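One chain, chain A, links the two complexes that follow: it is found with chain B in the first and with chain C in the second.
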Partner chain A sequence: MMLRKDTHVEIQHLTEPRLLKVISLEELIEQGTAVCAGDVGFDDLLLWSPAVELQRNPQLLSLPVAGFLIPEQWDGHAGVDRLLIHSPKDPDVVRPGDVIALTPGNSLVRVLYRRGSDSNLLFMTDRCNSLCLMCSQPPKDIDDRWHIEENLRLIDLMDPGEENLGISGGEPTLYRDGLLEILAKCKAVLALKSIHVLSNGRLFKDPDWIESLTSIDHPQLSWGIPLYADNASDHDHVVQAPGAFSETLQGLYNLARANQIVEIRVVLSQLTTPRLPELAHYIFRNLPFVRHVALMGIESTGLARKHYEALWIDPMDYQDSLTQAVYFLHNRGLPVSLYNLPLCLVPEHLWRFTRQSISDWKNLFIDACQQCVANKQCSGFFKSHSARWQSRGVQPLSTEAFSAYARSAQ
Partner chain B sequence: MTLIASDTSSYRLLPFRFMRMQAESDRDVLITSETGEYLWVSDPQLQDLGFKRLQSGSAFYRDLLARHFIYEPGRHDPLPQMAAQYRSRKDFLFQGPALHLFVVTLRCNHTCQYCQVSRAPLGGSGHDLSEADARAAVERMFESNSRVLTVEFQGGEPLLAFERVRQIVEWVVERNVLEQRDIQFVITTTLYHLTDDILDFAKLHRIQFSTSLDGPASLHNANRPTPTRNSFERTLEGIRRVREHLGHDAVSALTTLTARSLEQPRAIIDEYVKQGFSSISLRPLSPYGFASRSAQRLDYPIERYLAFYKEALAYLLELNQQGVYLSESYASLLLKNILTPFSSGYLDLRSPTGAGTAALVYNYDGYVYPSDEARMLLEMGEEGLRLGSVHQPLSELLRSPVMEALLSSGVAETLPGCSDCAFVAFCGADPVEHFARQGDPVGHRSFSSFCKKNMGLLKHLFGLLRDTDDDVQRVLLSWLNRRSYADVGLAGYRG
Partner chain C sequence: MKLLDRWKILLGGITLLPVAGTAFAQTNSLPLADASWEPRGNGQSPVFADTLNAPDAINMYAAHRSHSSHRSHSSHSSHYSGSGGYSAPRYYSPPPASTRSYTAPSSTHSSSSGSTGSSTSNSLYGPSGSANNPSTTRTRPSEAQKNNLVMRVQTALMVRKYYFGKIDGMMGKGTRGALMSFQMDNALTVNGAMDTQTLNALGIRIP
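What follows is the complex of A and B.
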């Protein structure tokens, strides 16, 4: 089920930080460097090969690749001074096609791109200009521009095929030129991938973005922008930034002027659910260009844990508000989805709007799910899930209840 | 002394209008914003709002903020949102005329008492659109910048001049290879003169048919006499043939309501259900053409129409809840204006007026008119409303003195009686009708049947939206986006 994005390995002969494309022998022979979307050399490839293969064909060790990855416990030595990675703690984490990051002196290998996953992300920065009460990834006030270069390189190393790719942070627009360069490169190198950027939209208040985004003209680019209230006071309180509401709204209009595809995201909490129907109304009336509204269960990590008292509301207690908002939008032709909400916490008449939205690397099912028949359709939980954030409504669904799901989803 | 204004409050008012509905409800005052947001409030709430006695932070206060009735200076500037709402509601202004009516002939075989057009005898000459004029009209149409174009053939009975129809369709299709517009053809016809040849041609160009069905046989035949007295049977036969050749939805029907019709709303609706239509248009008689001359016999006060309409609508709501999908088209248009930030774009519900800006009529005589109603006036002896000849460029036609007169009396927000009406954001301006009825394109609202009709219908719909149960709401919402009643599983927030 959940597959972590990093694991510890044994590393030999690593002298500098590297971003490497893991490649199987078969792919190396058939495609060579063309397995990557961008301009790369053999020195960017890490040959994935079981130890027996290497022992059987020692001439492989003279291939001009960056090094070798032995995906199993191994205690021999290759007899060459080449980069060698072996004995991963979890052998499933790194697989052919993936792009990994290695740092000298650190045994942790991080997977930056996982082949075939729709949860891949270009992480732009830890910095942010808001400080949302429920932030799952608290911002850090650091200069981390190096992410830009890393992401530009990562794009080259990815598979070129059709997949969804996210861009997130922090607030990605803080590195304006870097973000624009990355978007342009995505269009040029990853033409088949649809790109979804998460941003609070505040900086788009600057109309200069219109021309920049228009000239990039990415055919499959969309923006997920959060809006937490139908009025400035409530929104600004949630994001802990005075003036943010006005800036985000002006930013949204500038995105519309640049013909961008916009989704509105609302994290459901004690602060946002009481006026959720009114917020739906506000979105529909004031932002007629919005293509999709995502109403999202809270992720109980980061700052959210600290603000438990202010944020926590049992999803069982906002079902009515959610129903009012969802059907308001649906009946008016605005597509709406429910993210991160397990089926047992959502009334049957909303099941058709639920999505399996949690990224594969942090998605899990808890003990109560073991008897449930709906695991293949349910969003499940975040890996950060804890007892304090557990609804009283969590329960296994029976076959009867599940057949109702199948009917409602038609 | 009472303090009538104070600067201590944290909020300021934005422009709004209100209307007392005299309904049995605590919240019987409808307040509407400049851009079409609305809210039901009680009289004390209205007073508090106006006298700036609202408690900030209450739900009501937040509602008013969110719907742009008030704003908080220094905290948030609502103008970008209001501008966006205004732009959505008046979006139709960005495109030129989309509906192009070609009156290919005035000849007709019917002798309908209510005919809005007047007519020429079957064998008459000099009542057909000439080839040269038709060709020029096609030129005019493509001078419009509208991406979407509807080519509607009108009469008389256009199938009596089908060779001209065929020519025009072929010219348009040929020209559109380069133009790449989104074009829909419609023929408004009794369907009596359908031939396999016509049907094959219609299939090739996906031409839609629009016909008249006034209700059950007795009513239809009485309203629409022919020498053979079988108008109803021939209409049904025509509908059957179109559906057989082109599919069920290739034909739609319009109802004209005479005084006789007003007595039988259920029978008319039952006939539409029986014939499998998904929409019915319950429009009152227009004050044009023969309809005006036979007014004594056919016309009726608009109050009678409103009573009829309410009864008919109640019956439709009942049927739809039983799973029959049959929407009333004018209600659907008004609901779009009320329940969404957009305008239906419907000609009669536009401000500025849709005459000339949304539609152009190429008359059989080679002159261009700003609306179908305007050319009907011509047959009553009024020539004043023509824009010019079909051989003048569109830009010239749209700069004609007639257009200027229509537009200067065609902005509802500025008209006496409309400018302070709480419904103005959902309504339209119809200078042509006011000219026809009152001899003045501005007109006086107190004597305006256009005003009485729209006020009556809007009041009724607002009442339904506020007071009825969720099942009625579901029907109204199903009409909004043409979804089935079942698909609108729950009504949701009423907004």
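What follows is the complex of A and C.
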């Protein structure tokens, strides 16, 4: 089920870096450039065409598209100097509808947009103003503003239909104008897509954001903001940034002033679970505008691996505080979800709060899951999962045990 | 109900539960649809009208038979070449100390800083055209749009073995002849035009 976002291919006649929309012949005829949400030309299209189709219709090579993609092993010769991509190592990675990035001298094709996936992402930057102990993607201190241009272009090339689209980093608010521009363009070009931005919220303490966000007035925009404690010292320790708690809270209130939809995200670790009930209480008391609270299992990659000793707690050992926090919020009408937690690690009565939250391209099931009957409903694991991050509670669920899931889901 | 019976119900959580259970079970087993949802007796699947292009669709290409002053057909994409590609930092100067605004750089994009993005005509959004400007396309398609449609018609005719020339977006003799043969074979009005009927028969949605 896990489908990588890149694969190696053979590339001929690529002269410059390109972002291209992969399109099938049928779609080219039926919809032309209208498969893309924004303003594109034939020169932005890469015709996905099996070798037999090209052999049957050699005139296709005269189409002024950017190039051709033969999605199979191929050792022929096109006979023309056109961009040609063939023999993908994994033929399932690039499909019609996808948007791919190509770089000269590099045989790796990267899928920046995958048709029909709910895990598509506009990646804004590798920079961040925090340094969270469990960061899955350690920040880099580089100038990568070029992501803004790339994302603006990527938006044009996406399918226009209804889908979820994430915006993340790094800290996307670091490129304030670029982010605002991208949000405005999402509203204009991808009107049917709902947008979810992940941000630590610290920079929103600047009230200038209120007017900017209000004027964009995106109808389907929400913000996922992490809050790790009900007090400054714990939170600031987790994010390794003095003053962050205060900034994030001011930011949260400014988001509320701008009528934004806010979700609070809590990564569950040895540092955050002991006071989880207090944090739930704090959110309910102080952030009544919050629409959703996501309590999230940790992703064992990046800095998290380095800080294993400080972070690791077996999910079996925080079931009590998790239960308290979930029901405290749920009973008060605040929607709660459990992300990234396999069903076998969550008490049955909390199963209805679990979600299949892990992005499809990094989601897998481990050996212990092979005899489990719940794979269709379970979040599974991150692809970074390893033995020392494995709970003692991991076990296959039997049909009898799992029938409780169907009941609790009602 | 006697007072004693009430007390029994209030105290007997055990007796209450099965009651609730049966109530839910009944709710769940209620039919979701009535008898009119029965599948059609003759085993055929439902029939839908062809909605590719509605009969009253605005087709400003129908009258487009030949091209007069014709620009190079690759010109439609010239806006993008270079700027559209995936690339390392090309447009932006190194980040200033403040994260508040970035200086928008080269000649390709002139105005970006300071904009809060409320306008859809921001120059960074790329060239204006169909997406941002539907009203202009309704009245008169641009040369590039015509080319694109002709290319799709040529491709569709090629797949059906009516057209053997280059796919160049030009409505020339070969393309018109292929269109007419196709129209003849499909009992359409033989006019060599990209009218809505013909586009529907070719499986082409009007842009």
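The criterion applied here is as follows: the second predicted complex is superposed on the first by the 410 of 410 C-alpha atoms of A that agree within 3 Å, B and C clash if a C-alpha of one lies under 4 Å from a C-alpha of the other, contacts with A are read in each partner's own complex, and residues count from 1 in each chain.
The definition used in the following text is that a residue touches a chain if its C-beta (ideal position, glycine included) is under 8 Å from a C-beta of that chain, and two chains touch if they have at least 3 such contacts.
Since the model is a prediction, treat every value here as computed from it, not as a measurement.
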Partners on chain A (chain B, chain C) - clash or fit: fit
Which of chain B and chain C A:337 touches, first, second, both or neither: neither
Touch count on chain A, higher of chain B and chain C: C
Touched partner set for A:269, first chain B, second chain C, both or neither: neither
Contacts of A:245 with chain B and chain C, given as first, second, both or neither: first
Which superposed partner A:325 touches (first chain B, second chain C, both, neither): first
Which superposed partner A:216 touches (first chain B, second chain C, both, neither): second
Touched partner set for A:282, first chain B, second chain C, both or neither: first
Which superposed partner A:379 touches (first chain B, second chain C, both, neither): neither
Which of chain B and chain C A:189 touches, first, second, both or neither: second
Touched partner set for A:180, first chain B, second chain C, both or neither: second
Shortest CA-CA distance between chain B and chain C [superposed frame, angstrom]: 5
Sites on chain B touched by chain A in the complex: 37, 57, 59, 62-63, 65-67, 72, 75-77, 80-81, 84-85, 88, 339-342, 477, 480-481, 483, 488-493, 495
Residues of chain A that touch chain C when the two form their complex: 16-19, 25-26, 28-34, 37-44, 57, 59-60, 62-64, 101-103, 143-146, 148-150, 152-153, 156, 174-178, 180-185, 188-189, 203, 211-212, 215-216, 410
Parts of chain A lying in touch with chain B, wherever the complex brings them together: 230-234, 245-246, 249-250, 253, 275, 277-278, 280-282, 284-288, 323-333, 349
Chain C residues within the chain A interface of the complex: 24, 52, 73-74, 76-77, 79-92, 94-95, 99-102, 112-120, 122, 124-132, 144, 148-149, 151-152, 155-156, 158-159, 163-169, 202-205, 207
